[in-house]
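In what follows, subunit A forms one complex with subunit B and a second complex with subunit C.
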Partner chain A sequence: MKKSVYINSVGSVSAQKTFDDGFLENIEQRSDTVLAVVAPNYKDYIPPAAARRMAKGIKMSTVSAKNAMQGAGVDENEIDAIIVGTGLGCIGDSEKFVSDIIDNNEQFLTPTRFIQSSHNTVAGQIALGIGCKGYNFTYVHSAVSFESAVLDAKMQLEQNEARTILVGGVDELVDHHVSTHRLIGHIKEEPVDTMSVLKSGTSGAVFSEGAHFFVLSNQKRTSCYAELMALKTFNTLSPGQLGDNVGNFLKEQGLTEKAIDLIVLGYNGDVEFDGYYDILAKGPFSETPQAYFKHLSGEFDTASGFGFWVANKILKHQRIPDPVKLNDLHRVTFETVLIYNQYRGENHSLMLLKKC
Partner chain B sequence: MSELKQELKEKIIEQLNLEDVAVDEIQDNDPLFGEGLGLDSIDALELIVMLDKDYGIKLADPKEGRKIFESVQTMAAYIEENRSR
Partner chain C sequence: MGKGVAITGMGIISAIGNNVAENFTSLTSNKIGISKISQIDTIHKDDIMVGEIGETNTQLEQRLDIAENQWSRTVLIGTVAAQEALAEAGISDINEVRTGFISGTTVGGMDKSEQYFYDYPENPSVRQHITGLHAGDSTNKIAKHLGLKESFVTTISTACSSSANTIMLGARMIQSGQLDRVIVGGTDSLSKFTINGFKTLMILSDTYNTPFDNDRKGLNLGEAAAYLVLESDAMVEKNKKNVLGYVKGYGNANDAFHQTASSENGDGAVLAMEKALQVAGMKPEDIDYINAHGTATPNNDLSEGRALIRVFDKKVPHFSSTKAFTGHTLAAAGAVEAVYSVLALQNDTIFPNLNFKTPMQEFGICPVTELKKKKLGTVLSNSFGFGGNCSTLIFSKEA
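Up next is the complex of A and B:
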């Protein structure tokens, strides 16, 4: 028999001040096309000797992972596995390493950037930091990288192959990556105010970065935020197929659209692709409380980790912060939350959470 | 020689990301490894590459590094004697 999977704690470093216990009480309102994270004081979390070789993504992840572990009250030796999703890994050091190869005519390559230039550096560094010799895996799959990591954890916990897993998603912003995406029009040309992203009426998104980690377990702790009911990803999905696929996803869980107390949507203000979200928001979920999050987190391959963080927080605190409300509908209690995300019409994901 | 020592201190801080260390905190004879700056084996590799790239010195025998990288003083003396650029 499958075991239930609980999200026992959350950790986040994002473009909002999310590294503490708060829940979007004070929003960082900016007008930009690229948003860097609101960084914690890394020295509070990482010894300077260790931090000096850490790329930004590793630092963000270390803080996020430590907060998640602390939140769940789990010791380092209780973590059976570490699973991370990332679109680009430590792209900053990858860029520097490749630049060094070109600039120095394939000579004088230094080890530090090489060590950090792989996608699985974050999972590896966290494992080294906590002495975890268990399963260590990194999923790299564009906008469903985080979901792929969560799905792996979910299956292992259901089968009791592991009891407690640290799962996360991370991506960092770096100059070359940003300039490339500006060139191809994936980043908005004009700055947009945080709370006006959906009204921008332009194509492209506001890019950002972040690290979101969660302690998943098949044993519910007092710190529990939610139960992970189901998760499904789709590499391709046409607008016409979306509604039916969402309906089927819920049906497999014995639910209908009406049973959903809140839908969290990954709107990023890109007029070319936000139509996918409209299909659900103005269709089967038009009478459902709705929330959105990418105006606060910005867009990046693992931005759905922020959406997952928001959904978990809502279920735990039983309130929707005003800045993420998409409509004024309300429920007395929030029992079931559906998260839907996609990026540029590809790599769609559905995650279903239940109050625990 | 004093200019070279100053240059080395700046390079060590920059290339090894010693964010919390200032140039004037590194004394010429402070040990770089162990109790001094606390550098490790990866740093040693970074320093070997730096010698090659910036001063044209290739260390044929990595064991030589133990003496050369003892301190900024020993590094500067070795570079003065062996540099090709």
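Up next is the complex of A and C:
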């Protein structure tokens, strides 16, 4: 008998002020092509001496993970496993180590940057910080890094291999990565206003960063945000196959498109690839309340962690904040939420959440 | 007690051979793959030894019919190994049933990223490597080349246990009925990034690595790719598949001791081995041979040796590290040694731990140093990585 999986808490550090208890009451409106996170006061979470040596990704994750654990009211020793998704890990340190190798002709190097370059640094550091000797995995698969982590956690909780798992997604915004991705047109050439991202009419995305952590458990706590019903990822999907695959995904849960109370879509304002979202928004879900989020979070490999955060918050608070509304349709109660994301036509994901 | 997950195909390319058969020949004829580095121009070339794959990128591109300088070496060798695994499993239509692909890597396309790091603004002809810095990009490229569509594809990066962890995830996904079959394993090419990184940690040997020897001086970095095909019982039955062995047990734990070093008593390693035994429904005495992580660093071999003594008490089974042959192939190591573990089972053969002379002063256990014939029903394989990551796999002849 499979156990149910609950999202008992959320934690976020993003380009919006999401590290406190609010829910997008005051939006950071910017006009740019890249967005850094609204940084919490790291000193409130990390001793300053330790923070100085830490990569930004570790710092953001520490805050986000601590907030999630606190939100669920779980003690550190209750965490059975830590599973993290990250497209690039602590890429700032990787890039610095590479440039140091080249600039200094492979001499005078120190190990810290190399050590922090390991993709599993965040998961390892959290384990070290809370003394968690349990299962510790890191997924690094572009836009489905976070989803892979959630899927792994879901499998373990369903089989009762673990009872409480800390799951997260994190990525950093750093200079070389930005400058090279500008060269290949993955970042927008012209700045775009936060609330006008979908009207940009241009290719590329607004790049950003963030850390999103969640406590998942097969026991529902009073803090519960949502129940995780299903999750599926696809390495490729042609536009013609998207609708059928979404239909089949819902059918496996005994649902139809009509049963979805809200669809959360990963629109990032890239005219070349937003068509995927249009297929659902203007097709089978045209009569469904719709939300989007990357105009607020920016685009990064684990941006779907922000989408997951938004969906969880909506289910808990039973309201859709105005800045994420894509249409004016409403439901009296929000029972089921579907999240669909893809990046540049690859690595598609579907996540289905239910009110708990 | 859980039933094992069937292995129906294997593929490998390493410093000791371009396919499974060549690797087996090398392992049974003491042909090691450690040499001076030839394909990367590093200032450390005279003070390190590596396990380098013989073929150049150009040769690999020609073999795979890939245009010049489009792919990282990590992708090239990964594709070679994955294709061999699929061929051995007799899979021609990869999309016929629910097939997944899970790959482990640490460097991904770093070999190209470091080569062209400052060239991208001026040189548009190398910009195809910009997205190669994403570890997942190597996996995507291999999946695409294999023709896999609309499927579960992901990448695990837990340093040197990465591909051991892909085998674990793959087995769990088969057991939970989410996939009918899955290609699991990993790929890592040599790069200046890892050479210099391990150099700063001062754990590179300037000569042939000597696992579990009292006077060991550190590891030799290596490069390799290895993949295995895992299939559900229903698939094996339906297609009358030849089963090479089974993934019987698995366990992952965290040492939670230090970002790069293992704890003195191998807490994480003990937990990983105990979990794997539990999943397999086995007792320590059921293990016939251990393919140790055995990197030949002072820290690993002491920690792992102590962990073996703790788990197996005074009856530590025959064990050896094959890293004297291949070097430490980082993310690929777990899958490389999974292939070797299955070869050991198939041939009732324990591969020797070469270059061992003096037992470690801290304990009395010694590895098997010569090729040994022994009836093997089970093999346990360890893989440990940065971030305290400890993984154990158990392979068996019978389900």
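What we mean here is this: the second predicted complex is superposed on the first by the 356 of 356 C-alpha atoms of A that agree within 3 Å, B and C clash if a C-alpha of one lies under 4 Å from a C-alpha of the other, contacts with A are read in each partner's own complex, and residues count from 1 in each chain.
As a working rule, contacts are C-beta pairs under 8 Å (C-beta built on N, C-alpha and C of every residue); 3 or more make two chains touch, one makes a residue touch a chain.
Please read all numbers here as calculations on a predicted model, not as lab measurements.
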| item | value |
| --- | --- |
| Comparing the two partners subunit B and subunit C, which touches a greater set of residues in subunit A | C |
| Partner chain in contact with A:V144 - subunit B first, subunit C second, else both or neither | second |
| Which superposed partner A:E346 touches (first subunit B, second subunit C, both, neither) | second |
| Partner chain in contact with A:L109 - subunit B first, subunit C second, else both or neither | both |
| Contacts of A:N136 with subunit B and subunit C, given as first, second, both or neither | second |
| Which of subunit B and subunit C A:R52 touches, first, second, both or neither | first |
| First, second, both or neither for A:G87, with subunit B first and subunit C second | second |
| Contacts of A:N235 with subunit B and subunit C, given as first, second, both or neither | second |
| Set intersection of subunit A contacts, subunit C complex versus subunit B complex | 107, 109-111, 115 |
| Complex contacts: residues of subunit A adjacent to subunit B | 48-49, 51-53, 104, 107-112, 115 |
| Subunit A contact footprint on subunit B (complex, rising order) | 15-20, 38, 42, 45-46, 49, 52-53 |
| Contact set on subunit A toward subunit C in their complex | 82, 87-89, 91, 94, 97-99, 101-102, 105-107, 109-111, 114-115, 117-121, 123-125, 127-128, 131-142, 144-145, 148, 152, 155, 158-159, 176-177, 179-181, 183-184, 232-237, 241, 245, 301, 346-347 |
| Interface residues, subunit C side, partner subunit A - complex | 42-44, 101, 105-106, 110, 113-114, 117-118, 120-121, 124, 127, 130-131, 133-137, 139-140, 143-144, 148-159, 165, 169, 172-173, 176, 178, 192-193, 196-197, 199-201, 252-260, 267-268, 271, 385-389 |
